[in-house]
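Let me begin by handing over the structure; questions about it come next.
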Amino acid sequence: MVRIELEVELTYDIGEQGADFVFNIHPAHTHCQKVSLERLLLSQPVSPQVQTDPNTGNRYMRLRGGPGELRILYAATVELLHHRSEPGELSEVPIHSLPLEALNYIYPSRYCESDRLLRLAMNEFGQLWQGHSRVQAIEEWVRRRVTFTSNTSNSNTSAVDTLIEQVGVCRDFAHLMIALCRAVNIPARFATGTDYGADIALGPPDFHAYVEVFLGNRWYIFDPSGTAVPMGFVRFGTGRDAADVAFATMFGSVVSYAPVIRTVALEDREAGVSLPHHCLQALSTDSGMPYDAQVQALGRT
Amino acid sequence: MVRIELEVELTYDIGEQGADFVFNIHPAHTHCQKVSLERLLLSQPVSPQVQTDPNTGNRYMRLRGGPGELRILYAATVELLHHRSEPGELSEVPIHSLPLEALNYIYPSRYCESDRLLRLAMNEFGQLWQGHSRVQAIEEWVRRRVTFTSNTSNSNTSAVDTLIEQVGVCRDFAHLMIALCRAVNIPARFATGTDYGADIALGPPDFHAYVEVFLGNRWYIFDPSGTAVPMGFVRFGTGRDAADVAFATMFGSVVSYAPVIRTVALEDREAGVSLPHHCLQALSTDSGMPYDAQVQALGRT
Amino acid sequence: MVRIELEVELTYDIGEQGADFVFNIHPAHTHCQKVSLERLLLSQPVSPQVQTDPNTGNRYMRLRGGPGELRILYAATVELLHHRSEPGELSEVPIHSLPLEALNYIYPSRYCESDRLLRLAMNEFGQLWQGHSRVQAIEEWVRRRVTFTSNTSNSNTSAVDTLIEQVGVCRDFAHLMIALCRAVNIPARFATGTDYGADIALGPPDFHAYVEVFLGNRWYIFDPSGTAVPMGFVRFGTGRDAADVAFATMFGSVVSYAPVIRTVALEDREAGVSLPHHCLQALSTDSGMPYDAQVQALGRT
Amino acid sequence: MVRIELEVELTYDIGEQGADFVFNIHPAHTHCQKVSLERLLLSQPVSPQVQTDPNTGNRYMRLRGGPGELRILYAATVELLHHRSEPGELSEVPIHSLPLEALNYIYPSRYCESDRLLRLAMNEFGQLWQGHSRVQAIEEWVRRRVTFTSNTSNSNTSAVDTLIEQVGVCRDFAHLMIALCRAVNIPARFATGTDYGADIALGPPDFHAYVEVFLGNRWYIFDPSGTAVPMGFVRFGTGRDAADVAFATMFGSVVSYAPVIRTVALEDREAGVSLPHHCLQALSTDSGMPYDAQVQALGRT
């Protein structure tokens, strides 16, 4: 089990007309992620509305800010207990056996134009053994070609752009990997949250974007930008691509300042809480069992 | 009330390896659409699996076809009882009041890159009175610019392509209208089904693609290609765009033949069943009341 | 006649391997532009090679810089004597009468994808009276839609992008206007140089990009971004689009600093030298007569 | 030496307003290509105007056709005497030594967006030995990825599209190869003409598009689609890409029928005329010596 203390601080300058915001910065409640001790501070006397999407568990916070500065401080303690699998045992699921929910994630989306990449993906990955290793081959293909460079892409940049221009940030790596997976009929979705353990050269903790792929009967985490330690990712949302799970969507005249993220992993060996680390097993945030039952089960073994 | 006899006949030639199919040709069961007397004939001894997406009501049929010809005949009787509203009474819903389900439809999708059209849409439609009339202005803007021409677009064509090249088929008109609506924060989704009453010059009845826009508290039908009579549209599916609700998605080596669609509208004045016709009211396939309750309510008034 | 004192100062930081440069910062010698008192200072002991393209008169300076700082100072005095025409007398030239040289400028180029805009241009401008006024209508169409904003476009941005996103800098205005002219078969080319008289809000004098259109039997200046006074433009180069006449193209690892441009217009009423000003006549930098002959002719009248 | 009897037959149906045409179907007169016995038959009493571009030697025929059928028959005898080089002896030319004329062909053009492919090309080909073998590596890279399939691309398709979709015809192979060469600073241009010796499965002789690359001090032929025998290519034109050298550009309402091409290679061993065949040497249509001088020189050796 992993325990992360999370703080997110956002600052905006809102124009005279006010502005609407949709945030996705609340970690999702999932079978593998337990969120507690949540605190939310707002510098304006507005009452945010937080709703949970029943399909994804994403929590969206909407509010209408008035003119002037809006500062938001969100903090929580997040426990992560990943479902772990041996990569070699994870197979792809044929189209006719995919759960309907997963089927939606083989279709193209705004930033993942898999429909244009069918031949390319088939040429590159069509002959590979179908399973976790093929997904890993796609991940490595992306990582080998694309160079991580800040400020080279923007909010319109799509997988096809990244394939051509071979440069981008975590979001672009994720979009390209997703598009290539879908092009060979493997369901893949976009996940957002916070990173952990990233190289110090990349700066302080930050929002992160990565990939979840459906293998066996679960969604497994992949981190194509390879910049951080997946076991320490707090998950905010999942969706088709960045269009579904922007950290913040603004409607109106707003100046945004750089977000400030703080994540601290706690260690408590007696309680079975260890620091996030790279591991060879495949990690899933999906589990058949509710969080507390899992913890109990873990205690018993 | 409108009653349509529907027949869809699809023919494929499947390669030696067999092929998987996902169809969306079953009309959705909605509060405004009642489907009865369904028949399905398959020329191969395969057992299709039909599942209903709980969010949209879309019915997806999956099957795995063997080598050789696959012929599918689907037939049903569909009753349509639209919810009707006065256009002048339909207002747009501000972001903070949108139901979460509708919020998803203001984001860009594969074929509706609204994120690239914010300034254009704001310049063209930003000053207009917000409500049904603004949506109608967008619909007319699209219809005035785009010319309906077969074989000018393909399955990769997106709203931006159509805006630039100003030519396309019903699907392209729909994508462009949706992208422009979303760019001014009006939820809009893609709807598929069969047309009705199209100009004879366009040929026999066909699959159709059109638009539903969220106004007041419902989704209302718009037909930007302006080729047919919305009251007679049987609805198969709704989604973000064509990526979600293709009539048929094939996985494997398959040759497709032109589909054959037959739709007949029945008239039965005593039972209150009339022929579809153009009307000035806004039509919705959404209703707060189950179909049968609506029919009863109608009987009572 | 107009007389401009021009200074261009460029600074680069070159990596260890050295780098090749191609500059186009020498004003062209044309029948309407006389360049004198040229000075070139280089901070490195390199011998630049300046060549004149016989088709366009563009002067390209090539040099290979060594590691470290490279500073270039170019200065000259430029006299401009535009050929002037009454706009109402300038007609478009039919395809079969275009000089071969002008014919090349109706075809699409990297940043001016006129081939995708045929229908749009025909719909918007196809019914207009053919001549200078139609070109002016295109110029105004572009200026009305596109908003001048720094740092919204980059070196990959093309006319189609600008049409969609409706924002850009002078280069983007020029590309879009050119693409639309070509789409209705009017030869149009990209011109570069320095601006003059731009609004103080846009900062100090700068490199500039504008348009030349073939009407009657000459190329006439248009300034779609509308930010400056065309009579004061010093011309460096003309080409299909920005790909042909970049101010500087670098091959190797180079950091560029912002260029510093100084332009001063001199007045000398006795010698017939006046300050650049907006005028209603159409200005051309093309003339049938060599510069000195023109000055003489002017003296005689 | 190679001798080809060439016939090109074009048929159009012109609308009521008439139409302008620009053709590029006359083989260029070059030092390596001698055109004789030219015949031109037109089914309408129009007087075409044929002009030679002084830079490229391309011959453009312009004419204005009246309503109704227009049939054009062009025939000629073409002798080809390629300059031959040993591939191993051909080196790339550094930027600072490139002739100005060749420099133009390292910049991006409409269908060859080399500016977007810098990183990709550097990653794939940046480490290779610079010379003919690197160009060959690019050619093979393209040929291995792209599948030749008719009717998969259209007149808007560019190198980036082909890179993504990995399918196309000879024109698309050529555009992609050109874009990749330019991205590593090797001048490359688009060449058109007729093919020779193509696999019978591809049908009768046809128009062809291929590539010329500047190596040493000449332009050398490459045929990335690999469908035919370069020694038998009759050359019509060269340009930046297909925008410059379309076989026919039409202005007005015109229906085009499939062109009919006939090419016959003659053999005359005594006169030193042999059939075109694949050879290991690099072939150039550039030569320092006029055609007749070459023939004489050849006679002497």
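Letters A, B, C and D name the chains as they come in the text, with residue numbers starting at 1 for each one.
The rule we apply is simple: a residue touches a chain if its C-beta (ideal position, glycine included) is under 8 Å from a C-beta of that chain, and two chains touch if they have at least 3 such contacts.
The shown structure was predicted, so the numbers you read here are calculated from the model rather than taken from an experiment.
Looking at which positions face the partner, chain A and chain B present mostly the same ones, since more than half of the interface numbers are shared. Measuring from the averaged C-alpha position of chain A to that of chain B gives a distance of 32 Å.
Note on chain placement: the centre of chain B and the centre of chain C lie 49 Å apart, centres being C-alpha means.
Listed for chain A are residues 116, each touching two or more other chains. Pairwise chain contacts present here: A-B, A-D, B-C, C-D [touch as defined]. Across the complex, chain C meets chain B through its residues 116-117, 119-120, 123, 145, 147, 160, 163-167. Residues 20, 22, 49, 51, 53, 55, 60, 62-64, 94-96, 100, 103-104, 107-110, 112-113, 115-116, 155-156, 185, 240, 243-244, 249, 251 of chain A touch chain B in their complex.
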